[in-house]
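Order of writing sets the labels: A, B, C and D. Residues in every chain begin at 1.
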Amino acid sequence: MGGYYIGIGRKARRVYGFDEMALVPGNKTIDPQDVDIGWHIGKLPFKIPIFAAAMDGVVDVNFAIEMGRLGGIAVLNLGGIQTRYENPHKVIEEIVHSSPKEAVEIMQKIYREPIKKELIKKRITQIKEANAPAVVSCIPQQAKEFAPIVQEAGADIFVVQATVATAKYLSSKREALDFKKLCEDTSIPVIAGNCVTYKSAYELMETGIDAILVGVGPGAACTTREVLGVGVPQVTATIDVAAARDDYLKHSGRYVSIITDGGMRTGGDICKALASGTDAVMIGSAFARAKEAPGKGYHWGMATSDENLPRGARVYVGTTGTLKEILYGPARLDDGSQNLTWAIKTSMSYCGVSSIKKMHEIEMVIAPTIKSEGKFFQEIQRAAKEK
Amino acid sequence: MGGYYIGIGRKARRVYGFDEMALVPGNKTIDPQDVDIGWHIGKLPFKIPIFAAAMDGVVDVNFAIEMGRLGGIAVLNLGGIQTRYENPHKVIEEIVHSSPKEAVEIMQKIYREPIKKELIKKRITQIKEANAPAVVSCIPQQAKEFAPIVQEAGADIFVVQATVATAKYLSSKREALDFKKLCEDTSIPVIAGNCVTYKSAYELMETGIDAILVGVGPGAACTTREVLGVGVPQVTATIDVAAARDDYLKHSGRYVSIITDGGMRTGGDICKALASGTDAVMIGSAFARAKEAPGKGYHWGMATSDENLPRGARVYVGTTGTLKEILYGPARLDDGSQNLTWAIKTSMSYCGVSSIKKMHEIEMVIAPTIKSEGKFFQEIQRAAKEK
Amino acid sequence: MGGYYIGIGRKARRVYGFDEMALVPGNKTIDPQDVDIGWHIGKLPFKIPIFAAAMDGVVDVNFAIEMGRLGGIAVLNLGGIQTRYENPHKVIEEIVHSSPKEAVEIMQKIYREPIKKELIKKRITQIKEANAPAVVSCIPQQAKEFAPIVQEAGADIFVVQATVATAKYLSSKREALDFKKLCEDTSIPVIAGNCVTYKSAYELMETGIDAILVGVGPGAACTTREVLGVGVPQVTATIDVAAARDDYLKHSGRYVSIITDGGMRTGGDICKALASGTDAVMIGSAFARAKEAPGKGYHWGMATSDENLPRGARVYVGTTGTLKEILYGPARLDDGSQNLTWAIKTSMSYCGVSSIKKMHEIEMVIAPTIKSEGKFFQEIQRAAKEK
Amino acid sequence: MGGYYIGIGRKARRVYGFDEMALVPGNKTIDPQDVDIGWHIGKLPFKIPIFAAAMDGVVDVNFAIEMGRLGGIAVLNLGGIQTRYENPHKVIEEIVHSSPKEAVEIMQKIYREPIKKELIKKRITQIKEANAPAVVSCIPQQAKEFAPIVQEAGADIFVVQATVATAKYLSSKREALDFKKLCEDTSIPVIAGNCVTYKSAYELMETGIDAILVGVGPGAACTTREVLGVGVPQVTATIDVAAARDDYLKHSGRYVSIITDGGMRTGGDICKALASGTDAVMIGSAFARAKEAPGKGYHWGMATSDENLPRGARVYVGTTGTLKEILYGPARLDDGSQNLTWAIKTSMSYCGVSSIKKMHEIEMVIAPTIKSEGKFFQEIQRAAKEK
């Protein structure tokens, strides 16, 4: 597995993120219209491999409905504003209009309001009544309590998500979530995460979960790596978890889909995640730019409001188009943030593959895009002159 | 071939671009006036190894004539404004005067106008009447239809160019271009591209093409790598395709020249492309800065106007000199963008080689030019103080 | 030990700092409340592994008292303003209000005032009277003279600190400090440093010191590496000195604690130092941001005022919270500079370890966080648009 | 010798510059006052290992006299303004007051004025009359003609300098300089350069030269690498040429000193050059900041005025102190640009060596100082807030 000496008697792996990698075109090319980007969780098929992340600036009931209508999946956060407030819009307004300086404190206050079980039920019902898939998430600490409510309300998928989730959680003070029992007791698919290593992914798969979220520390609205030092870049994390998935499939006969979550801003990043072996991706900031996003161009992570240790800033990403334009175009921006499905199809067509499974096997190269500073300065000057 | 682990069970090559490489001076030096920078495609000889790229902000009829007069080659894009509009200048004005925000949409609208066959003929005739070589390009989808028109009109070279071109294109809906048949049916030299790998280059050479374009994702006015994740930096791409050229020559006896296309902004970059094994280079942004360029200091790529997935911005590069100054000096700028032929000759003289073939063999070193940030900040501050 | 050719016949090790490394989450996770971050010097136990550095903008008598009250250790510099001036506040005001241009010269003048022995005694007494631990530092040249005064005044720990400290100092003109004799003559624990290599650390441990400071050239307020070229990044330096500590323990049976000093700005950096094998950390800039810091948001190093060769600028870091908030939260910033103890506990909980000794063994990966410049520019533009 | 694949069948060495390297402190330390920084060319001894570069913004007659008085060496450019104009100050004023846009063209015009042999004589006489060493330089093309004039006028050292100098120069049109004959015909020491490779250095040493200049493409006022692609970073270049020096000494018994020229801005860089094996350094920009420098804070290279291919900008570096302060302090800046001799002595003292010969053998490490961008942005914001 390689590894480099980082000091006397100590080696470390070199790991890789999206910005250092590039995809190599294939020896044949394929008509993008012949490329299939469908995938599945267990027997549940999906038309496009894209989730909108369970973030309060991205997904509310309306967004989830529109996303479902377009063939994608939006995850509603059960631990966020939607289930704490009857009227979430007013609360989000307050976040959006706070100054950068006071934003963290205001959010800490807002998220102190307790979660209401009747609102969990109500939000799921609202989504289902519009015939959209209801996919909801909570943290492991609340999973046991929320699981029956969620099922009863008719949700389609239950996501249990923590910064780092493992099959073993040790605490002298509180009971740990038993993922195995949760899966046995839950009739709808369970997605769990996040994880980044082979072993912890394999052990989570053994508990019976249906899909696994990959990603610790890479997201745009998250400073986990800065604050805690913890994180593994997404290309290596995805490859390692994909290796666990393939080995687990060999041993168990069960295919647990993996979903790379966080750190992707462009179609190019999504394509690299697929080439790293993921079945689908979960995205926050790209969808925070949708007209339908409740955050009105603002974006913040689930840990931004942490009472003790806020991680992740409120980021302004702007509103750049409709959700439909972001997913299906036509793109009006050239930065890779719009028409994501066509970007995936085009990229796969250049790589000469017609399905996501085959995309898992294409060649990647290590190709950092750092420019010499001579050019760096020229570019800054040039940008300044642009009229 | 080396390769580094990027995750469990997965290796990737480290590939290189211009900014990381430098040329090593030779153990002898040569008078630059004794250096020969000529090359050839088949039996067609050229005095200088430089093409102007088929971009609408760079090449129009007048530019092609002036470039020809100076011994270089300018490629006229048959899928651009010149063949869609009787009066292209007016249309280019519209692009130049659009705001950065609306530029992509305006271009998408402009490129919706159909291509006129009579304009293809007219543009070629205009160039030939001025005794300049007429080199024209189109995409593979139009090659079969345009080839007879182009030949009849008297063009000298036919370029068939796509973001990624391969000998095999699979589509359930439309007929793929048969490169072999095209080459058999076309009496003038055919240049095809772009490609970046040994195998796809070798297979394209086997179809009978006369020269091959190298480069996916590196150009200044192109965001293919950002939007699609696809791309290989030019030093490695050129070395790999040159290896295919040399092997193909050994097996077939036929030398298919290679032309590195995109990503070169300075004389230094061109010299590195030559040292990587290319026979000639194709350049956009350096020529967009010519007084003769129709874009008046603006520059955009062929994919900028893509209806579904625009890739590549309209970049302001400024107008800095005449085409003659850019090619033959005297340079009035010190940034490596002028007197390109003398830069090549001087560089070769320092490297101790007198022909492009010998330049293919000189030593390169991996020498990134990243500065420590201490110095980086000092430089920014210093720049601010400069009067 | 690896090593790369840097020229003919010459190899060099690649060494690593905090910014290139990341911590890998564990296969189990632990309740942060079950994590113990205590450690010890000899038999002296400490609740938290954090020292405030002996810098005049950070530690005065009041700061030391408050830090002691909170379970941490603040080191008072005996060669600084506190022992040169009866009224240090007034002098610090002068530094704070000097313009960036004149700051170095004003500091050089201020530090020309002689050290007063009665002030050494007085400062220690002031701290002890408030029931806080008195930890004081001086340079090797003054250690022999100050040691008896310091002990008599009741100090708890004596720190002898130079940019580079070795067991052997050669001079034709003045007597070198005999660390062995100093340790024998001193009844309180002696901490010595700084060093960065296995051998010099091992030799210092053999003199009988109780703890060792690791770090040459990495601090925020220090330009040693710029001015002198000397320095080793902290991850490698800590791993190497930890190897010396472990080997020395094996041979001598004595555990000499190591304290990584300098270059850590966030909780994440501290966690990486612990994962590299340190027992505790010494921090300057994070504490310079405390309301209790005498520097009022300004921060400067011990070499900034060097008469001949000033190294290190006066840096403005701002005042962002109380010392209590910095150590124990709640954090009101998301940049990793507040609630450091909880950050350490949370990080250890994600890494699945419950003690600092176990944190020494977790997996680190090499994971530079360099972004592609496309994204870099987007971020700058986005930042500019943030309202 | 290592080497990495950069493409199919092609390897390249990784080479290193100052910014990536750091010096490792020694296991003993030495009193800086016991450190000897003297060196020699043949039997000629020098007190300090520093030359001021033959650049028109740095060295004129007065500067050379003051530099000599302080124990250093300043090289007067015989191909520059001093020998083209009776009154050089007036001409330099013109350069200094030109706008950035017109600077290159104005310099091209100024350097078109012919060199006057009587001015060569006059400048040397002026320096000698002040009892300072007269060290003068010209390009190889003029060496044969100027050598007798220079000797007759009483110069102490003759420097023959080109961007790239080799023992073999091939030209169909003009006679090449015969270095061997030049050395035989010249009674004063001859320094030649620049070169960066083992073989070309060895061959130059065989011609009988007394010292050799190392450096192609690294200087602050030089864009050779940008414009031509040619250059080798100074750490590797110095190590390689030092290897040639040591091997040549073994075979011939003659020690040809090497002088690293260009790319050093701080004391730290100079120390790294010494650790790479150089005997002395030649510096431009640090001296351009002296009050005595004729450029009044402006700095430009010898190739900036090149008629055909200007390389290197006029850079504003500011005036920060006297030559005495730059060489011997006291430093009033903390950026490593002042009190260079004390910086060298201090660095050597930390590395535990007392002579330049021993400095050649100390350990260096590869330690890039790139920060994570999180911190990068914080620093920019912090800088903005500094009052």
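Structural remarks
Assume a contact is a pair of C-beta atoms (placed from the backbone, for glycine too) under 8 Å apart; a residue touches a chain by one contact, two chains touch by 3 or more.
Because the structure is a prediction, the values reported are computed rather than measured.
Using the mean of the Cα atoms as each chain's centre, the chain most removed from chain B is C. Fitting chain A to chain D on C-alpha positions gives a rotation angle of 180 degrees, to the nearest 5. Taking shared numbers over all numbers used, the chain B to chain D interface scores under half, which places it in the different class. Spacing of chain B relative to chain C, judged by their CA centroids, is 53 angstrom.
Inter-chain spacing, taken between the CA centroids of chain C and chain D, is 38 Å. For chain A, residues touching at least two other chains, in rising order: 13-15, 223, 226, 236, 335, 369-372, 374. By the touch criterion stated above, chain C contacts chain A in their complex at residues 1-2, 13-16, 18, 21-31, 33-34, 198, 235-240, 242-243, 266-272, 275-276, 329-336, 339, 342-343, 346-347, 350-352, 363-367, 369-375, 377-378, 382, 385-387.
The touching residues of chain C, counted against chain D in their complex, run 4-10, 12-15, 17, 19-20, 100, 104-105, 108, 163-174, 195-197, 199-200, 203, 216-217, 223, 225-233, 236, 265, 304, 307-313, 315-318, 335, 368-371, 376, 379, 383.
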